[in-house]
Amino acid sequence: MEPILFIIFGAIAVGGAIMVVTRKHPMSSALYLILTLFAVAALFVLRQAHFLAAIQVIVYAGAVMVLFIFVIMLINVPENKLPMERLTGLRLLGVVAAGFLILESAILARRFAMPAGSTADAGSVQAVGRALFTDYLLAFEITSVLLLAAVIGAIALAKRKI
Amino acid sequence: MTWIPAYLSSNLLTALIFFPLAGALLLFFLPRENPRLIRNATLLVTLVEFLLSLPVAIGFNGATAAMQFVQRVPWIPGYGIEYHVGVDGISLWLVMLTTFLMPIAILSTYEAVEKHVKEFMIFMLVLEVGMVGVFLAIDLFLFYIFWELVLIPMYFLIGVWGSERRIYSAIKFFLYTFAGSVLMLVAIIALYFHHYAATGVYTTNLLRMYELSIPVKLQFWMFAAFALAFAFKVPMFPFHTWLPDAHVDAPTAGSVILAAVLLKMGTYGFLRFAMPLFPVAAVDLMPLVATLAVIGIIYGALVAMVQKDMKKLVAYSSVSHLGFVMLGLFAFNVQGIEGGILQMINHGVSTGALFLIVGIIYERRHTRLIEEFGGLSKVVPLYALVFMIVTLSSVGLPGTNGFVGEFLILLGAFKTAKWYTVFAATGVILSAVYMLWMFQRVMFGKITNEKNRHLPDLKPREIAYMLPLLVMIFWIGVYPQTFLRKMDASVSAAVTRIETKRQAALGERPQGETLLARYFDVKK
Amino acid sequence: MMEPTAYLLLSGILFGIGVAGVVARKNALIILMSVEIMLNAVNVAFIAVGSHLGDPTGSIFAFMVMTVAAAEAAVGLAILIAIYRLKETIDITELSVLKW
Amino acid sequence: MVTGILDYIWLVPALPLLGVLLNGAIALFCERPLLLAEAAHGDEGHGHGDAHGGHHAPAPYRKLVAFIGPAVVGAAFVVSVLAVLALAARPAHDRFFVQVLFPWIQAGGFSAPAALQLDPLSSVMILVVTGVGFLIHVYSAGYMSHEKAFARYFVYLNLFTFAMLTLVLGSNYLVMFVGWEGVGLCSYLLIGYWYEKKSASDAGKKAFIVNRIGDFGFMLGVFLIFWTFGTVNYTEVFAKVPLLSANGVLTTEIATAITLLLFVGAIGKSAQIPLYVWLPDAMEGPTPVSALIHAATMVTAGVYMVARSSSLFLLSPVSMGVVATVGAATAIFSATIGITQNDIKRVLAYSTVSQLGYMFLACGVGAFTAGIFHLMTHAFFKALLFLGSGSVIHALSGEQDMRKMGSLKKHLPITFTTMFIATLAIAGIPGLSGFFSKDEILWKAFSSEHGHIALWAVAALAAGITAFYMFRLVFLTFFGESRMEPEVEKHVHESPYSMTVPLMLLAVLSVVGGWIGIPEVLKGHNYFEEWLAPVFAQGAAGGHGAAGAHGAAHHPVALELGLMAGSVAVALCGIGLAYYLYRVRTNKPKEIAEAVPGLYDVVLNKYYVDEIYDFLFVRRIVNGSIVLWQAFDAAFIDGIVNGIAAAVRGAGDGVRRLQTGVVGNYAFSLLLGAVLLVGYILTR
């Protein structure tokens, strides 16, 4: 059962990603990105990482993408000003290199050989919560500081000079 | 040394090194608008420094080869680095040369240096600290510090107060010496750790290093590093191109000190560090060094002959004279080395005087090109007399200082390197050629250039700083014993030390092995 | 539970696409989105391996990645707005003031 | 009392030095202000003429200098005479006195004290130097009276005398070397006395450099001596000769090497082939200088040195051969050049080179006594000839070309008679000094065991040619009709007494000088030989067997007389030929010249030796050095240095271009790095 769902959601994710990268207009890219995020969340669920799936949907798809769409509308680049993008020179090389990277990660993936763990619900909220507030407490606090810094930074940068 | 109070004699050398530094600090407080006061103050400082160095020379006991007036204070005990200074027969006269020439150089700048007089004087005093320090340091680390310290003031002296291409020359001078000394630093560190490996004691004390026996292969590379660093400084043949540029673009006082003392740090380095520490490699590489020295002698003389600029001519003549010194040092016998040391002093005196002479007419005519002059002898006869005496001393006429040094060098070198001496002796002819040709074009003949017709003759101040040099030229020429006597013990001790260490080191090597086999494990 | 290799492969593909997007596109917004894709690819890998090993650390890391991603997006977009206000463009090839 | 004087032998060199200091002070304090004042108002100097200068009232200091100069040398002469007498008072074997002044150079085993040594050989030399020197000083007081830089001239002349006396009195090779280079310096200063004339300063420089080439060889010889004998003092060196040659340390090769190197020094100083080129040019200096330095004293230093090291030379037949052949070759070679020269002083210069050749020939065949004897007599008559020619030039207000002279016999009677006596002497007319000394050499060239018939023949021929060109000179200058320019002829006048008295004295010496060395075969007793015997006996004894100082034993007396007659005959026919060409058929020389123009030009231009040297050596070295400097130094070494610098800057520039400013490119390089890294991890 799981492999089928994996293939479905995997395909959606990959397709969405490709569409994000190739669309001319940022708004359509943003929407495709949201689709991809949902597909990834589904994959999390498949891997019993329910907590993560929820976070993904709420934080990522919800908050971050909203921010994105908000900014896209804010910037509202007129149709003609959007950069003409013909894939030439260095950027073509870049795509080729990315292809290479995919190939290499494929080879790496096949070399993955780690013993399977025992506990099934490693991804559940209880397990993640316990780990988060015991071993990784410090990391957790630091991320809060990080977010604070990001917020202040964003405001300072985007604020119109009065 | 009995009559010098005990307190003074133990701290004399430290006073000698750091007194100019105190003088430099004092200059900071003097008003910049009053250059005359600054010049006189600096002159006073350098004169007191000279007076301070007199007891060292007079009190020096020529009988023993040991270091005298030694002062030893632990500096960085953790690494076995000490502030260890002392003087012996080899370094005594070089220190005296420095303290003797400084007042003369300062006196020569009274009309030559007009802008930034305060900074100029401070750099000169710092330079003196470095120079005196180099000759007195017995601790390798301390030696290296003073060796580098000297570069900075000289760089500024050339870079700021020089003439046309001063920046290029200053940088070239700095990089040349600096590249060399980096190699030396590597060798010092290698020596330091080898000493620890051999004796289990961390120290940079030179005298302890003398006792160290170093495996032959390591000796080769270390000697190469030290030799290269000193060869840049001497300068020996292929590494000499910085010297003419540095001299042409340095102010008169700068090039006097550069020629008279800085170059001697190279040859002194060979004698104090490279040869005694690595005797096997030194003697094995003697043919190479002697060849470069002889090439330097002939090449320097030939190129000097065709120079158009007087200072460049004198610079190339220094390459030739120092080729002689190197040949003398690498004769590995008492005559050669004593001749070498004496020639270092002679070169300091006569080339220093030559640069002052070129400086005198440069101050009057603001040009150094030989064809600008001609027939000066009629206009400035006293100047002509002084110039003639210095030319003769530089050519090495018996009765002047040049001859005694050159004769001893060639005598010593003849014993160990017969054919090298024959070629080197042609340098005696060539030096006569280029010096007399230059003298003739500048002083004799008709007055070609109207501007030369009314040149003022030597001023009392100029006579004041030329006179001591002339006295030295004749003193060393007629009665060199005062100088040679004080060197004897140290030089013979150095020669015997090199020889015994070499025999010891070669003791266990197979007999008659070729150099390649000894150093590069190539099967004989 | 499935072997994680498939997930890793997927993560590689997604990552490749994201990288291609960053490199190939001139529109700064699209680049930022591609970065988001790359981060998600990483999360997939984390979760896949984490669940395979039964170790919550995978999720923790994914969680950290997300917070960082959020912060990064916020600051990135703020910069973009400031640039757009200043230069009227979001084409990175025109924003090459730091040229040699 | 008489022997006590020897302790004051250091006075002999010290007195001229005192003269140098006194005259030097006068030159600096009295003469310089005068010269400066004159140079200031732009009065173009005129001092280059030999004869006369601006007639301004002679400043008071001149009389003082004119007194100090000669007086100092005169005093030295007196002390020398007393010292020699004191030496003579001692028994023959004990005529030897060394005075150590102070330890000059001591380094390790090497020790060279500043010490003086008086023995028969050096006594002859100091007498000649101070005696002839004194006369020349008196002469030049008159001759140079019109010169502006009067005091400076006497400073140099006294300095020269001091250096020459140090050379001669030195008791080791190093002190001799001090004097050796000292005289080289003084000849440089005196030749270039009129430094405003480029030719004069060139000649001075040439003299010094060629001398220096000789000193180069001399120095190497001294090194070899020291490292073989362990000392440079004559006494010790010559004492060790028999010991070392016995135990094989002093092999003939080493002896040959030493002596040949020393001989290179002698060639340089005494102007033998190939280093004679500086002497003819040295005529640029004032005439008394040529008389003193380039005739009487300095040039003989080489002969003195060879004689002094006689025991070394005797050890190596090769060196003896070389010395003899070079001497003979120079004698004949420069004699031929002398024939065609038209400048009166150049004729005498080539004649000096030729006569020096004789002296070296004598030394080469082992007859050191004859060499020194000829040196002495030559000093007398050659100095006289030069001073005579000086008085001729002085009279003709600077004219030196013999073709513009003639019929001076009636104008300059004293000069004529004295010069005629000297010419007779140099030609070897019996009875005069030249005959005895030259004939002694000819005889030894034939009879001594190192001698050879060919050497005698060459020497005899050269004697003939000498007679020819000397009488040519006399006939051209003093006989025939006057070819002088009218205004020159107007005030031709005999020189003042201060100049003619020395001429007369020298004339007497030229005659009397030979009488102390009359050979047995002419019923005379050779006192001179007897006097020098101890110096050379020690040498000869050192050599293998007596070199036969007078070797008359195994040669019949008749042969000696016959050869003597032969040489006189050759001289006479030389004179006859000269008489015929220059008195009877005066246009004949021109015809001969046209008949064989090629040869005449070659000989006239001194076989183009100077030009060859200039082309072979001087130009090669100068151009070579320019190439060395520009091509090697500036382009090659600096090229490398600047090259490295440029390379570093270039690399920096290249890397700089990577910063394009476009974010995409940076991302791409990141990606590239990642791909490569992963690729590497995979393939490892």
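Each chain carries a letter (A, B, C and D) given by its place in the written order, and its residues are counted from 1.
Just so we're on the same page, a contact is a pair of C-beta atoms (placed from the backbone, for glycine too) under 8 Å apart; a residue touches a chain by one contact, two chains touch by 3 or more.
Only a predicted model underlies this, so the values are computations on that prediction, with no experimental measurement involved.
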>> With centres defined as the mean C-alpha position, give me the subunit A-subunit B separation in Å.
In response: 72
>> What's the distance between the Cα centroids of subunit A and subunit D, rounded to whole Å?
In response: 104
> Taking each chain's centre as the mean position of its Cα atoms, how many Å separate subunit B from subunit D?
Replying inline: 38
> From the C-alpha centre of subunit C to that of subunit D, how far is it in Å?
Replying inline: 99
> Using the touch rule from the top of the page, what residues of subunit D touch 2 or more other chains?
Replying inline: 664, 667-668, 671
>> Touching at least two other chains at once: which residues of subunit B meet that condition?
In response: none
> Taking each residue of subunit C in turn, which ones touch at least two of the other chains?
Replying inline: 19, 23, 26, 93
>> How are the chains arranged in terms of who touches whom: line, ring, star, complete or other?
In response: other
> Among all the chains shown, which pairs meet the touch rule set out at the top?
Replying inline: A-C, A-D, B-D, C-D
>> Looking at the complex, which residues from subunit A come into contact with subunit C?
In response: 2-3, 6, 10, 13-14, 17-18, 20-21, 23, 26, 29-30, 33, 36-37, 40, 43-44, 47-49, 51-52, 55-56, 59-60, 63-64, 67-68, 71-72, 74-75, 77, 81-83, 85, 87, 91-92, 94-95, 97-99, 101-102, 104-106, 108-110, 112, 114-120, 122-123, 127-128, 130-132, 135-136, 139, 143, 146-147, 149-151, 153-158, 160
>> Please output the residues of subunit D touching subunit A within their complex, sorted ascending.
In response: 664-665, 667-668, 671-672, 674-675, 678-679, 682
>> Considering only the defined contacts, which subunit B positions touch subunit D in the complex?
In response: 172, 176, 238, 240-242, 299, 302-303, 305-307, 333-335, 338-339, 375, 377-379, 381-382, 385, 392, 397-399, 403-404, 407-408, 410-412, 414-415, 421-422, 425-426, 428-429, 432-433, 436-437, 440, 443-446, 453-454, 457, 478-481, 484-485, 488, 491-492
> Okay, in this complex, where on subunit D does subunit B touch?
Replying inline: 28, 32, 35-36, 39-40, 42, 45, 102-110, 174, 177-178, 180-182, 185, 188, 192, 195-196, 198, 201-202, 204-205, 208-209, 212-213, 215-216, 219-220, 223-224, 226-227, 621-622, 624-626, 628-629, 633, 637-638, 641
>> Under the definition above, what is the set of subunit C residues touching subunit A in their complex?
In response: 1-2, 4-21, 23-27, 29-30, 32-34, 36-37, 40, 43-44, 47-60, 62-64, 66-75, 77-82, 84-85, 88-91, 93
